[in-house]
C-alpha cells in the first residue's frame, strides 16, 4: 500500500525559475525569499518520496482554445520541459510513473471523475518551477512524477469543491495502490495575482493568509469560495489557488503544518508556500 | 426555453455511409435495412429541430493514445468530416451551435462533470453516418449540431451510470437554455459487435433487444450494466451502447417509443435504431 | 494486474496494459490518417516503420498484415483498420483472418447472414474449453 | 449574457465570450511557442499575421504591442505573454502599460515592493467610481 506522506503548496511564478537558472538567488530582489525557502528545501532533503503527484496548470503552452480538458493526467514514461516562447527551460526531463498514473485514473473514473489521459504533454513553468523550488538544480530530479493538469484559465473552471473532491479521489487511489511506495502531492499556483488589465498587480494578504490558515484548520472553508470570490479578492489569476484544494483533499482530515512562507512581491504576485504532513504518518512513526 | 423534443439511438457502422454515398441502398445486401429505415426518415422529415446534440465516439481519428478525454464537447462554428484513412467522406460540413454548446458546458461543469472543450475536431463516421441515416444526402444538413465525443475505446471508460447522469445534466442544460429553440439528442454506436480477435462477429439479439426495451421501460436497468457485461454479452465494441444512456438520460422519465428497428447483419454488427419522443412534448401539443 | 474481463475469450481491448505495450504501433497506425504519411508508407513500408519505436515483431506483423498478431502485440482494432483502409480492402478480410477458425471473406459474410457468431458458448474461456 | 464577475474592474478573463471574440488572435499568439513560427513572424510580422483570420484591429494591436487593447479584443493574458517573450522583454513592461494609470517598469516594481495594488477600493466598478 502506497503511503501519502505530505502535501506542499507553492506558487509557480516563472521569475523564480529564471532566478534559480541564472544564479540570481543571492541578489537583493531574491535574497530574502530564498532565505525563507531554506527550511522548505531542508524538509525536502529529508523527505524524498518515490513519486510526487504534481497538480499544476498549463499556461497556453501545451493546451489551447482548440482543445482543453478539465483534469488531465500524464501517463507518459517521461516528460520534457516545454518551449513556452523562449526555448525549452534547461532543466532535467521528468520521469513519469505510468503505473501509479493509470491506477489513479482507473480508480477516479469509477468515482465519476471524467479524466483526460495524456502521454506526450510538455510541462511548462507551472510544473518545472515548483521542482526547482523544492530540489534546486540537481542533474536529475530525485523523484518520479505524475503530472495532473487542471484548467484554471479557460472558464468554466472546475469548482473549488470539485477540486477538493478530486483530491479525495486521488488520496483514495494512492491508499489502494498495491505497491509499497511513498508519495507526495503538490498543489501549485497562486497566491494573489492579477497579470492583466487596469487592475494588474492586485495583492490581498488577508485573503491569502486566511486561505493558508483554512488549509490547515478548516479546509472545507476553501471549498465554499466561488471563482468570482477568488478573482475579485485575489486577482484574476489568483483563482489558481483551487489547485491547492486538490492537494489538500488528497491528504487526511488531520494534517500538521510544518512550513509556511508568505512573501510579496515575486514579479507581480504574492508568493506563498506551505507544507502539510499527514497526521496519520506521524503517529505511525 | 429550449425544448428537447426527442432522442434517437442508431448504430453508426461505416458500411452504412458507404452504401448511401455509393447509391447501393437498393442492392440485395442493403434493401431490407433501408426499407426498414423509411419510417425513421419519415419521422425526421416531420421533426427537424433547430439543433441536434449528437453523442458519438471517435475511432482513432481525431483523438489517440496521446490525448484522450472522457467527455469532449465541440464548440466550433463548424466541423469537417474527417480523413479516417481513405480521404474525407464527401458529405456537407456540419454547422456548430457554439451558444448551446457553451451553455451546456457551463451548466454541466457546475454539476461536476469534468468536460473537455474542443473547437477544431474533425468528425468521423461515428458522427456523419447517423446524419446520413436520418437525412439522406442533402446539399446541407437541415440542423446545427453540438458534437459530444465519448471515450468508449480506451479503458477506463465512463461507467454506464455516469453516461446516464451526464445525459441528465444535458437535459437540465437544455431546459435552462434561454432561447426558444427545439433540440434533438442522438446516441450512436452499438449494438452487438466485436470487430477484433478470434471471437469476431459475436451477435447477441436477446441482450440487444433487452437493452432497447429497457430504454423505453426501465432506463435505470441499463445503467447497472458493467463494461464487462457489455463486452462479454455484446462484444468488445458493443460497449458503445453506453452512449445511448447519455441520450436516454437527457430525455424525461416518460418517453414514447415511436420507432424501432433491429437488423442483422450490417457488416460485422447488429444494427439497431430507436426513436423516443419526450412524453411532455406530446401532452403539450 | 488481472481484470474481470480477462476470461472473455478471443477479445483484445485497449486498457493500460495494451496501451503501454502497443503505444508506438498504434501511433504508427494512427499516422495513416494523414495523406502525407500514407504516401511515405507506400514508398517504402519498412523505412517508414523504422521511424517509429516499434519492436521488430510489431514491424513484421505490420509488413505481413498479420492482424491477430498485431492485436496480441498491443494494437487496437480501431487503429488496425487504418492499415486495412490503406490496402483498400473491405474489413471482412481482416475479420475472417482473425476468426478462429479462420474464415474467408465469403465464409465470414455467410456467418453474419446467419445471425453472426452466437453468444452461447462464447462468453468465457471456460465455455470455450468445454465447447 | 451577464456574469457575476462583470463588475470586477479592470479584469479580463477568458470565458465563452472572449473565447469566441479572441479565438484567432489567441491562436496566433499560441503559435509563437514554436520556433519555426517565431522565425516566420520575425521575418515579416504583418505577412505572418495575415495568415490568421484576425480582424485588422487585432492585427494593429499586435503590431503596435498595445496589450490592454489586445485584452479588450479577446486576447488572454497568458497568450499575450508569448508576444512579450518574443520581444525578450520582462513582463513588467506589459504590466505597467496595462495599469491605470500607466506605470513605468520602475514604477510598477515600486508598487509591488510596497505590497502590490491594494485590494481595498479595487473590488468592484462601484468602488472605482466612488474612489
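Each chain gets a letter, A, B, C and D, in the order it is written, and its residues are counted from 1.
In the analysis below, a residue touches a chain if its C-beta (ideal position, glycine included) is under 8 Å from a C-beta of that chain, and two chains touch if they have at least 3 such contacts.
Here the structure is a predicted model, which is why all the values come from computation and not from measurement.
When the interfaces B-C and B-D are ranked by how many C-beta pairs touch across them, B-C comes first.
With centres defined as mean CA coordinates, chain D is found 25 Å away from chain A. Our note on geometry: chain B versus chain D, Cα centroid distance of 41 Å, whole angstroms. Chain A and chain B have CA centres that are 38 Å apart.
Multi-chain contact residues of chain D, defined as those touching 2 or more other chains: 16, 19, 23. With touch defined as above, residues shared between interfaces to two or more other chains in chain B number as follows: 65-66, 105-106, 119, 154, 156. This structure has the following touching chain pairs: A-B, A-C, A-D, B-C, B-D. Residues 59-61, 64-66, 82-87, 153-156, 192, 194-207, 226-228, 231-233, 236-237, 264-265, 267-268, 270 of chain B touch chain C in their complex.
By the touch criterion stated above, chain C contacts chain B in their complex at residues 3-5, 8-16, 19, 23, 26-27, 29-30, 32-35, 38, 67-68, 71, 76-82, 85-86, 88, 91-92, 95, 98-100, 108, 111-113, 115-119, 122-124.
By the touch criterion given at the top, residues 1, 16, 19-20, 23 of chain C touch chain A in their complex. Taken together, the chain B residues at the contact with chain D in this complex read 75, 98, 102, 105-106, 119, 178. Contacts from chain B toward chain A in the complex involve residues 65-72, 105-106, 109-110, 112-121, 154, 156-159, 162, 165-166.
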